[in-house]
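Two complexes, one shared chain (chain A), two partners (chain B, chain C).
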Partner chain A sequence: MTETSSGAPTRFADGARSPHLARRRRKQKLLQAFGVAGLGVATLMLSILIGSLVVSGYKAFTQTHVTLDVFIDPQEVTAERLPRGGFDDVLARSLAEQLADLDASDRATLRQATSILSNGAQFQLRDAVVADPALIGTSVTITVPASDPFDQLNKGLVDRDTPEGQRRVSDVQIAWFDQLAAQGAVSKPFNWALFFNADSRFPEQAGLWGAIVGSFWALLTCFVISFPLGIGAAIYLEEFAPKSRLSDFIEVNINNLAAVPSVVFGLLALAVFIGWFGMPRSAPVVGGLTLALMTMPTIIIATRAALKAVPPSIREAALGVGASRQQVVFDHVLPLAMPGILTGTIIGLAQALGETAPLLLIGMNAFITSAASTPFDSATALPTQIFIWADSPERGFVSRTSAAILVLLGFLVLMNGLAIFLRSRLERRW
Partner chain B sequence: MTALAFAILLLTACAGYAFNRRAAMALQTNGVRLHSIPWFHGLFSGLTILIPVLVLVLAWLVFQSPLIDRAVMAGLPDAETSGLASGERQLLLAEIKSIAGGRVFGQPEAWKLAAAERMTFLQQAATLGMVVFTLAGSGALLLHARRKVSPDFRARQGAERLVQGLMIFCSVVAIFTTIGIIAALLFETIKFFRMVPLTDFLFGVNWEPQIPIREDQVAAEGAFGWIPVILGTLVITVVALIVAIPVGLISAIYLNEFAPRPVRQAAKPLLEILAGVPTVVYGFFAILVVAPAIRSAGQSIGLDVAPNTALAAGGVMGIMLIPFISSFADDAMSAVPHALRDGALALGATRAEMMLGVVFPSAIPGIVGGVLLAVSRAIGETMIVVMAAGLIASLTLNPLDSVTTVTVQIVTLLIGDTSFDNPKTLAAFALGMMLFLVTLAINVFALRIVRKYREAYD
Partner chain C sequence: MTYVKLAVSMLAIASASTAMAQSRDQIRIVGSSTVFPYTQAVAEQFSNTTGAPSPIVESTGTGGGMQIFCQGIGEQHPDVTGASRAMKPSEYKLCQDNGVESISEAMIGYDGLSLAVSRESAFEWDLTLAEVYLALAAQVPVDGEWADNPYTMWNEINADLPAVEILAYGPPPTSGTRDAFVELAMHAGCEELDYVKNGDFDGDWIGENCSRMRTDGPFVEAGENDNLIVQRLQADANAVGIFGYSFLYENMDTLKAVDIAGVSPSEETIGDFSYPVSRPLFFYVKNAHRGVIPNLDEFIAEYMSDDALEPGGYLSERGLVSLSADRLTALQDAVLDGAPMSAPE
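Let's turn to the complex of A and B:
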């Protein structure tokens, strides 16, 4: 290289001298601005998604209750006829006594008044009396859920200014409800029923317990099947499989299975498990089997990555002191790869928890009012319960659907958090 | 009773392990040199008992109830069962089952009660048989394995061969699953095409899967042309891609080159959250927020927007695909060799010119592969469209209208009562077959592109 110019070097990077360069710089700024905007759109959408769910769902975490003094009339309820008895009449009469301007002799008016209370109120009273028949003839104070329209009214979701014909509560009913509220009989405690009740046609009684139990059984089945199968397959393919047509074919198969639409797995389950093998419909065990087939590729891929990350020196050392190839893998490589495998498994299970379409096809969207006690009973799962509630016409189910989604997202955050914790705590870097 | 069988099996397997291990240890303490350590003698015995008996018991469980059902149905009086359609036969079977299960409604006919009794008897006999079989089988294998213990016995090789077999079985499950999918779809699809001609399905422009349930019912004949359904799927997919591709690619370019470290660290988990949200949540989001918003926006500028417009379902699906496309594009651009970037910068290109003029074009094959995978995701996506798209198949390309998709039709045709003998149910399997083939073709093609391209730079 020789020096060819003796004067001051031309400053190519000086924007002021080159309008051309300034334009190119502006272009770069524009591209960056677009990039920020793109990320902004994604962030905005995520916040709208979460925000709208929280806004519409937080109200379902409380439930309006009405506290009543109920005189259990021995003429309506007798110890011999339990658990039958005129509990609805008993309730209606006590309600009528608590309201000032109510003509208790007119049955239509009375029915209008009792619609303030949930349909489940009489059963709550009945259960209390069946548990302790000595209550007959005495006065008890019970707190029962209000029915859905009044729950909405109490939470301010019903606009009192709309014309009477366009809302589900009449002016008289509103007046009665306000009277109850003025007496201090209306309360709004935390809605434990949302977690510990099973499904119901009435929004104020509907809860997620059945769905949570169903999801638990399905995930347990999924784990019990896909975890050993996935690890076995991954170990074989990563450590033992000879490079052959068969192992190539298996690999292609696993990669493709990971990308098959979930609804197709539902078709497989419906035709093979239910149609050919005669397994029960709506059962979490069938759901779990289907989810296991979908989760297996995820576990296999995660396990192979974890096995690959264990350095060859470990294997060589073990082989060097005389271990067999299987002893090397099972006694040394696998324990070291376990944190990675568990992380991948939990992430796979979290995906399975949110999976809906295959469960719909095997009938896990049935209306079931009790929690499954074994994985062979009919049940719903959390995502299918969300689907059922989203389809229900009652107003109260809108906020309950959002609340159910928040519960589902809560479980997902828990599982992913556990996976991240495991990864950061246990995984060794070599 | 079934649990008893499994308990017996498990106990014998454990006993086999303990016996053989102890026997081997006894030999060792007598000063004999063993070929394999005692632990392997135990493992060999345990696996020898567990694997074959478990396989047979599971097969027994799978085939027990269909065989009993068949036996019971065959044993019914001919006068009652002749001329019943298969749906009615299933109903009858369900009734007999519920009687056998102790849930009797009303006063069933005597022959039904007899059949239920027969079913109970067969079930009890089968379960008892299974327990006896488990006991005998595992006992025999226990003795067989115990007699093998000797200093020269190669227990390690035996046990490892069994473990190897187990692992091969695990790997082959993936193949079985694929075969299962293909067999299930093919079987039902062939049945469907026996009722509806293939050409009607492929080229028909009417999709009205309502069929008369009774002979005398006035209802549409039922039309099974999939053109409007696939058209609706395409409309929604295109809307989704129009949302997802620009946003996904531009954020990938930004994250890959320009984003400061903290932004990158914040954006990655954000995109992972977007990717991890279950699709049923996106579906509810579409009907709760997006569809009303689009509708009122349309009304304010005087457009007539259907309540379940394809824009809402497609748009939300686009949001779902953003992280998918962006992470694929990011990976593809990271795989471009640094020499290309350095070369471009050395020639005086700005970083934007380097990204748009050099890195992005070099990454195109990988990006196309990612986009294709996104297309296959969009076609196969179910919950968003089931909740937010329409049910009626209409021949339209207008995204403001309500359209239906392949997956929506599969789900709506199969929810509720399903018997495998009418074209309505079977049509779902035919659609599923098409869905499987199309997504499989796209996936294989896309994965090939991605892999080939990655190898080219490695």
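Let's turn to the complex of A and C:
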């Protein structure tokens, strides 16, 4: 034991009597409290965001359907004229028969009644008949989507107590709809159309398929371009480049590039890809090229970090048994760094998936009712589809916008989950 | 390895994209976000009934659409542009300079800009354009002087109006709706003021001094998204919203119109201009693309059909106010014949 010069020894063990220790512990507690508070606020924000999306969006995951017995009248529909034919009249007449007290001879009344059905119903019937012309002259039972105002009514989003003039559905239409419901003709199954239909002007038919396909093509292009380019650049900078002013300059620029606002890349793409190269507007391939510009710095930075994490002993051992530097990189260092590279790439691609601004500038916010079959066809992407729906006047799009955001979040969670899985499965600890 | 793959993929993409740029079987449409929903409806109907590939409709805004439209003739340029105002002389000149010589103009109908409040609001709103101007403009006459807007309550402007704070949500300056609102409501309201009437000012003075919305709080730019404005109105009973008539029409259960000088917006009042804040909608077609781009003629025919444009047609179900019957017939004949427009004044 050593004597202190001031005389009485400071008793660190006794917290109650040591102001120093008490202060230190208080600071520690405070720091922890801040941490917990920060975490709490972040969790709260996230749950408010997800909660409000779920509350407004969950109703879009079901869609009201009406089941009808349709007699395909050979006077209206003939095999010779297909795919043309009076399918709307056929539907209207079948609906009129199913409803009591409806005067089918009055066209205006009939029109009011058929507005219960989606505009797409006649095309659904047409497609069924075109697929099997033997149906003409027989009765078929088909289930078709209800139009948006009645979907809203069925989901309780239209208040029946509001005066008639203030809602989209009239009292008599509600009475008809209730009649159908009493017959058991109204159902509310899962809204597969939300995932497997392309965009439509009619909320009940609008879906995300076109956007999902568009995002897929754009991400594929982005991956094909940015993955090899990014890895190549990172390998050169990390393994081969001489340490010089120039390489420092390049490094700083790459780091800066990662922080450039995405709208700048959009303007660049508009001028270069569409303006100079004459590539088509709204094409996922142009979107993919633009996103590749943004993703590349992320991949380069992740790859360099992964390469750095491979211990030098591996390189030295390989060099020691006579491998060339190229062999060292491709046979030893790169395979070991791959988990880190893949993680970085997936995170970069997930960022690209959520990117909107550059896609707006190159026209990927167009209205397209069919999914792109190649990356050169026009398409939307998930975030731009959300942008279009958020701006649509129809009521049904309010809940569909939230649902689309949830789908996009789902894809992001999947991708980030994959990144975490790869990291925990494949990463080697030294 | 990596470099070989890279080179191959780059080559493949480059060659395929040039190949694709040379053949187009879809109609391309750009232009106003106000005309966008109507064009969407026609495009979808057209592709459903004919089985042709669906036209690609892009909402770029009126001015942006004109810029892209007037870049030239050829497959890489769009065939049709929508506009929420007539083509300007400068835009016509740009088109001519780039070889887009024969253009058909089609005025498809009218769109009302509505002012609306929540149904919760106890007061029956009826404003004159001068009152709208006094409430929302940056500068107004105060005691015979042209000064910054001092009004914060509606009843300061007119004692008959309710004693609530002025709060209006409207579109930002980038929006065509904002341009139309300034021109149709603010300029007209400004001209109704005694100060301006007696002051012997010309149109330039009005354009210069009556175009600015106030920025001290009562007028809130709510972004391009009209649905957001609708939601804000539902939350605040006394706030006034400014947006296209189709949004009011879709939300009649929660919103009610603010009458302008006793006239409330409806199909009739917008169509005959007795509701003053209404504007015509147009689209423009390149005649040189007709018969070259597949299905363009058929698409124009669908847009010009009675099913689409008549009162009660599927566009009027979306909020478009139809032309009168004789004007509609004249329009259909002119556009289907491909009559070129003359240079705008």
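Assume the second predicted complex is superposed on the first by the 390 of 430 C-alpha atoms of A that agree within 3 Å, B and C clash if a C-alpha of one lies under 4 Å from a C-alpha of the other, contacts with A are read in each partner's own complex, and residues count from 1 in each chain.
Criterion: a contact is a pair of C-beta atoms (placed from the backbone, for glycine too) under 8 Å apart; a residue touches a chain by one contact, two chains touch by 3 or more.
The shown structure was predicted, so the numbers you read here are calculated from the model rather than taken from an experiment.
With the two structures aligned on chain A, chain B clashes with chain C.
Applying the stated contact rule after C-alpha superposition, one finds that A:Ser378 touches chain C and leaves chain B untouched. Looking at the shared chain after the overlay, A:Gly354 reaches chain B, while chain C stays out of its contact range. Once the two complexes are overlaid on the shared chain, A:Gly278 sits against chain B and chain C alike. In the superposed model, A:Leu135 lies in contact with neither chain B nor chain C.
Of the two partner chains placed by superposition, only chain C is touched by A:Arg168; chain B is not.
When the shared chain is aligned, chain C comes close enough to touch A:Ser370, but chain B does not.
In the superposition on chain A, the chain among chain B and chain C reaching more residues of chain A is B.
When the two complexes are overlaid on their common chain A, residue A:Gly232 makes contact with chain B and with chain C alike. Contacts of A:Leu319 after superposition on the shared chain: neither chain B nor chain C is touched. Legend: residue contacts after superposition of the two complexes on their common chain; A:Leu220 is shown touching neither chain B nor chain C. Among the candidate segments 95-103, 131-139, 311-319 or 329-337, the part of chain C whose C-alpha atoms clash with chain B in the superposed model is 95-103. Counting contacts by the rule stated earlier, residues 228-229, 231-232, 277-278, 365, 390, 398 of chain A appear in both its interface with chain B and its interface with chain C. Against chain C, in their complex, chain A makes its touches with residues 83, 119-120, 123, 158-159, 162, 165-168, 200-202, 221, 224-225, 228-229, 231-232, 277-283, 285, 289, 330, 363, 365-370, 374, 376, 378, 388, 390-395, 397-398. Chain B contributes residues 62, 65-66, 69, 156, 160, 163-164, 166-175, 177-178, 180-181, 183-185, 187-188, 246-248, 250-251, 253-255, 258-259, 263, 267, 270-271, 273-274, 276-285, 287-289, 319, 322-323, 348, 350-353, 355-356, 373, 376-377, 379-383, 386-387, 407, 410-411, 414-415, 418, 420, 428-429, 432, 435-436, 439-440, 443-444, 447 to its touches with chain A in the complex. In the complex of the two chains, the chain A residues touching chain B come out as 12, 24-25, 27-28, 30-32, 34-39, 41-43, 45-46, 48-49, 52-53, 56, 228-233, 235-237, 240-241, 247, 249-250, 253-257, 259-268, 270-272, 275-278, 293, 296-297, 300, 324, 326, 350-351, 353-357, 360-361, 365, 383, 386-387, 390, 398, 401-402, 405, 408-409, 412, 416.
Contacts from chain C toward chain A in the complex involve residues 1-3, 5-6, 9-10, 13, 16-18, 20-21, 24, 26, 28, 33, 36-37, 39-41, 43-44, 47-48, 51, 53-54, 56-60, 76, 119, 224-227, 244, 246-247, 249-253, 314, 318-319.
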